[in-house]
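The same chain A turns up in both complexes below, where it pairs with chain B and then with chain C.
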Partner chain A sequence: MISGRGRGGGKIRPPRRGMIGGDASDFETQWDILCSALREIHTKNASTLSFEQIYRASYKIVLKKQGDKLYDRVKEFEEQWFGTTVMPKIRSLITPNLVNITLGGVTGVTANERRMTGEEFLKGLKVSWEDHITTMNMTTDVLMYMDRVYCTDNRKASIFTTSMGLYRDHILRSQLTGSDLITFDILNSVVLDMISMERDGDVINKAIIRSCIYMLEGLYESDEENESEKLYITTFEPAFLNASREFYKKECATLLRDSDASTWLRQTKRRLTEEETRTQTTISMLTSQKIAKVIEAEMISSHLSEFLAMEGSGIKAMIENDRYEDLTLLYQMITRVDSTKEPLKKALAERVVDLGSEINKTITNTDFSNVAGAAEDGEAAESADKSKAPKQQTAAAKQTAAAIRWVDDVLNLKDKFDKMWKKCMNEDLVLQTALTKSFSDFINQFPRCSEYVSLFIDNNLKGGIKGKTETEIDAVLDKATTLLRYIQDKDMFERYYKKHLARRLLHGKSESADVERQMISRMKLEIGNAFTTKLEGMFKDMTMSEDLTSGYRTHIQNLGDLDRKQIDLGINVLTMNYWPMESMGGSSSRRDDGTQIPCTWPNEIQLLQESFKAFYLKERNGRKLTWLGFLGSADMRCSFPKIPGKEGVLSRERRHEINVPTYGMVILLLFNDLEVGETLSFEEIQSRTNIPNADLARMLHTLAVNPKAKVLTKDPATREMPKPGDKFGFNASFTSKAVKIKAPVMLGAVNRVEGEEERKDTEDRNDEHRGNVIDTVIVRIMKARKTLAHTHLFTEVIGQLATRFKPDVGMMKRRVESLIEREYLERVEGADVSTYAYLA
Partner chain B sequence: MASSSQKQGSSKYVTLISSDGFEFVLLREAACVSKAIKKMLAGSFLETARGDRCHFEEINGIVLEKVAEYLCYNHKNRNREDVPDMDIPPELCLELLMAADYLDT
Partner chain C sequence: DKTSVNGTMRYFQDLGLNLENAEIFVPLEIVQAPQLAELSKDSFIEGWKTVGADTIPKQKAYVASQLKQLSVDMALFKRVYRHAFVCSKEPNQKALPLENALVYWEMLFTSPGKPWVTGSGSTTNWTNLWIEFLKKKWTKTVNKDMWNQTFEFFQKTMQDDTLSFWSEDGAWPGVIDDFVAYVKQKRGELPDTMETD
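Here is the complex of A and B:
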């Protein structure tokens, strides 16, 4: 179609006049065209108009520099249109009822009616808005040239924006006749009214509200159209939030009055989802966070503590009855309002401590109900009469059982909370810390925790793990470790553990050396090397002793000394430092200065000892062996002669193998040399054996009173505890069904709860030990720092000792005093705060 | 808006008509580079009703031809680089400029 025009020699032709539109170019003519076109557009008759023609008209006006005039005319036209056509329609929809609702007057109108009129109004508004948008889109299109050239050049808002502003001012903000309300107020109140109807369970037309909200989202406070100045945000949203706040405040109050915490949780949850959906379907997503905040504030935060405290449904009941669902909800709710979860933390901690203290109390109470004498049983049994002895044993056993129960209870409680924490709390770390802390609190409140935990482990290692699979054993050890973690006074625990371990090892009570080792390595991980070195040393001693025993046996065999009365020796060589001598029963055989009272050994034994000593020292020079009579046991073969003139068993000679403690053996050997019918007095025995009185009495009780191994007679033959003045003889008429008899020992091999005195003793010793530890730590710190203020020193000491125990401030003060006395430290004169200096 | 849906279905092409009656048929896609043409055809105005025919009563055939050529050229080369310049006769420069302004191309 390219015509035959040639290249016109480079001459630039001026544009033809026609483009600018010469004659028909005067403003009014063009405006007439535009004006009528706009009217057609507004009445939806655009299809009869030629876009090009209208566009050209506006183009020309703008070209003639009359854009401003055009702009104003269009505005005027819109204003007029609103005034004459749109508003009257909307006014007609605003019934007095709607006005009344807005004013807050409660009329006798039913919700249904209110809804109907409201919907009508919203519909009308929506239609007017949508019409406005369509027409304005078209108008803007037509006036594109004006927008592009005039508005940009003169920095005017586009005609579209302006017309939106006009809609806002002339429709939404138009004053209603007869009141000072504007359409906007009506709109807000109608929407809010509808939402509140929905909250009450009515069905409303969400779509229509949504459209109106869209409208508000599309309109701005000013023509600058700042995002933050959407009418929705400036006007509707605050009103909505206020109304919601009121509503939820009321609802929460009602719930608080009429319902329980469980309902409250569920209702709150439901409301939250409801509002979330509402922001999606009915109003704007912009509000979703804010309305959630409102609910959180009004429904959760404001009365949280009241709901938590509710009798029968509050947190107490939830925990008690394992209401995991409720707890999960509660956790979610609280997490919403408070990232520190303070209230939940507090409530949980309180519950833990409450339940824990209950456990503590039950145990303490059983202790008391179980014969007051239980406290002073065992070693303290001097005072007891015979009939009481077995009872005391059972009391002790009961107490031990109670200790185990305490541990079990604590573990159960821990399990319960752990399960809850996993199931409901999303394994929240903050809460875990809180739980751990409160567990630790109540456990440490219980003065015997260290002992009981150690007993628990003892019990398990002694037999509790028999027949269990590895995983089960692991679980038990895990539990033990968990508890251990909670214990503050680790040194106390160590003391008990050592004691219990010593008994287990020496009496061969341990179920599995492997498991023992596992436990130790766990403790090592948990508390550190220093804690377990002594325990490991004990194990080493045991293995060494085994080697020694077998070595010694071979040694004896090699001597070929077969004619000698053979005594088979099994020996345990214990390193003094590692083993808790006092608590193994040696306390009674110590003199006041702490040295051992040696027992007078029978000849046979002395020979044996010499022989072993020679063997032992052959390879280990310079060591000192001390023989501990209060430990160990001996198997003795005894023969009881037939007694003439008796029937049955007594008429035959009887041989029995009796297993007695070492002291028992020493005593019995005395009777070997005795003539029939001769007796030894208590004092005689004592002087010939040098066994401490208490031990002797107990031993004789076993041998002369207890029917099971009554190989001695006692005069007077009462069941009372043997005492100085009593006489003992060989019981020739002893009978027993078993060939092998184990003499029951009143005390010793069984690990059980300590008595009061014993405990006091342990504690004293522990305190003494602590004192030394504190001394060491203070000196170490001061050596490094030279001078240090009092408070700093104390914080440092507490910090360094944290893994072992919590030092008592009073004790620390005393230690400092004593160090000053011993001239390790001195007070710095003239310092504002009391300060110490290290004396080299 | 019945016409617009019909438009959607019916034509890939639009017709531009000059003041002196020349008709140029081109791809809608190409023509709509001009915002004016785009708006013209987007609304429910007479142009749409008449079957996507746009009369430009103040642009003559010669200029409109160049305009159409440019629209095609632009469309054809829309995704390329290093395109040769379009040949624009100097004598048409001003008129073309005005047309471009008018059509917002």
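Here is the complex of A and C:
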């Protein structure tokens, strides 16, 4: 770009001579030379001129201290030139149409016509400007001595700068005849009109506009030439921004009325690119950010919420239909206008909670119908016994499937949003936080989330991971961990996890000990040591039990007492503290104080128990072993004699190996001592085994009603649940195709969703536990702080328990009251705010 | 060292007291009686010595003057109120049976005690509300904290019977929270969520 020349550079000063005294005639002579030279320069005839002669003329004048006169004369010359030669040409290009357009009336003229006349005008202006620059460069050259000496000494703007100002005042600000308009108005209006044509899709001559913009960037409001006072910035840009604002306001309103959010996003994006290109090719880069702001304000911010709410294309539809492109654009647009991304955050959070609550609702509804159905079946179907058990099973299985489905649905939702977040939202941290919170919110709204997540893990560890690669297993564990992170009531989760883990371990249902350990170490990382020590303890018990079993076997072999009918013992020794005894079954054999009602073991078993106990206690003095009859199972060899007079299978002796629960074994051994045809009554069996009635009835149902392992007879021979008064005998005519038979277990061995009552038990136990935990935490805090205001205490308790569960305020209050009653705390008398004091 | 039931009663009659209302609690507080009908010698002498009344007529006069103050001097009323709990429970118990507590509340919160009523023309009879509420909803005994906090609540309501001082984040015992809900519901300030009986 051409800028003022003749400024700067070293100063060459002539020696001062005393003789210099100006005389007028001499000045005029020299000026004549200069003046005619200037005329030649302006008419592009400079090639004939002698630079030395002209330079000398100006040199002489300045030397004679007549620089001011010369300066003024040059200015006058320029002004005259503009007035007589340049302006008339430009004026001739300003057609009445152009004036009309500038005044706001564009009717009756086609775009094409407007473009033609406009271009002519711009071209004329451009030519005049370029001529001006050329002539002024040459003028500066010949007047170099004046610039260097006179202008510098007198602090005058160089003649170049001054002439630029003259161009501004005499060309651009020249008033048009018969109106208030100046050339500049026409210029702005023509350029804006062309840009508006281009926005409407026409092709315009960008280069010509660009030239005129260059000119405006080279001109300033004053001769000081402040960068911020470029005419481009002071005059053109505001007009451009205003016009653009109007345009985009209208465009956005039209889009809002006629289009959908998707079109709006694309159009806005297009406009942003377009304007950016425009600043590069047509106007100035100086405007790049400002015009972007205009679009952001008019196209994005102004109607954002309306577009987001659009039915069928708004954010709801975008999320529903995975419209990644739309969402990406939306994210980009919102990021432009709002660094907090509040509108997007809110919309996403709402969607997550909505969709999540839907998942919750679906499951809750399914659940209720099933539970109700199962309960009714159970009560009403005493007579239709056959259908009862399987039906209950399926109801439970269905519920468990529903639980797994809930988890799957939640995970799918999570996947969906994760994918969206990665693909469209640039993994934005602010949005991630919002999403996490929303997930946590709806998951914790679902009362059974802890149970279901644990069941999900149970399901996978039981066989779901069978045949999966390590990576796939990792993915499953990742999912489980993610869910776990969301769960607020970690204590509830721990309760269920222990329960489910216990079943997996004791019934040998766990698919891989390695994966079990991986899961535990993940939980350790996520929740902490305290959470997993008991779980790890359970594993330790299992390993220890394996060693014990094999150790005991070797021990027996070494005794060499081979005569005895040997019972092979596989044992699990469980540390009381680690295992969730209350949820491992056997509740009917527990007294109110929680101790076990021991079952009366058959002699053979008692001997075995004694022998094991001796072996076990040899190295572990002082421990107490309790035998839990409701757990475990036994393989029994039974032989059924041939029955005289019968054909087929019954005519041969049949041997079967039957796997029955431990209680089953205790019952069956009673029948060894019976004579043929002798029976035992329900009551007799009960008194000889001490098995609780409910368990006994269930076990007898398995052994005397269910056809699969019907090794006993029942009198009356109905399908009803065995009850006191019934009589049982050895079923000599039992047949089965299989040699090894597994007696079906009615309930208990499978992890499934808890029924309402069981659920309530679990919650009560958990609440009780929470009460103790809250007590402990309150006492610990108060012991350290001695006195503490009510609100502070509560905040601190909630804070300390946050990783485990969210304490209920009512419960906390009750704990405080109870601590006051037990004289751990007292209320501080006369305190401004309610305060407690610790009583040591 | 201790008086018998009959002796105590006769002594109170000598002081000219009505044993059926709050009057009885005034001398009980002065002599820091461990039991309603049992005065201990040490605290009896100590108590009267402090107020400088060594003869029955003097004591009678002193009690009479205190009685006049009872419904005005809140510090005095609070002392009497608090001691009422101490001497009316069984010595080895930590709490009062509800029915007893209800009787004592009624005695203390009516003249010559401080009537627990607010509003011009005594529109809200808190004593009645409190007793009615407890009879309906409270099944447990009354411990010291509940007894003392009831007094705090009584004082607050006397200053502001709109209950605006109450907040669910406050440190009131649960029973007071429930009572507030009960009163608000009665006043129609809460949606009727409980069963109406």
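One rule holds for everything that comes next: the second predicted complex is superposed on the first by the 782 of 840 C-alpha atoms of A that agree within 3 Å, B and C clash if a C-alpha of one lies under 4 Å from a C-alpha of the other, contacts with A are read in each partner's own complex, and residues count from 1 in each chain.
We take it that a contact is a pair of C-beta atoms (placed from the backbone, for glycine too) under 8 Å apart; a residue touches a chain by one contact, two chains touch by 3 or more.
None of the values given here were measured: they were computed from a predicted structure.
In the overlay built on the shared chain, the residue A:806 is in contact with neither chain B nor chain C.
By the touch criterion defined above, A:89 reaches neither chain B nor chain C. In the superposed model, A:56 makes contact with chain B only, not with chain C. Counted by residues of chain A touched, the larger count belongs to B, out of chain B and chain C. Of the two partner chains, chain B is the only one that A:138 touches; chain C does not reach it.
Of the two partner chains placed around the shared chain by superposition, chain B is the only one that A:46 touches, whereas chain C remains out of contact.
In the complex of the two chains, the chain C residues touching chain A come out as 94-95, 143-145, 148-149, 168-171, 173-174, 177. Note for the complex: chain A touches chain C at residues 790-791, 794, 809-810, 813-814, 816-817, 820-821, 827, 834, 836. Residue ranges of chain A in contact with chain B, taken from their complex: 1-3, 5, 7-8, 10-16, 18-19, 21, 46-53, 55-56, 59, 137-138, 141-142, 144-145, 148. Chain contact summary for the complex, chain B toward chain A: residues 3, 19, 22, 24, 35-36, 39-40, 42-49, 54-62, 65, 89-95, 98, 102, 104.
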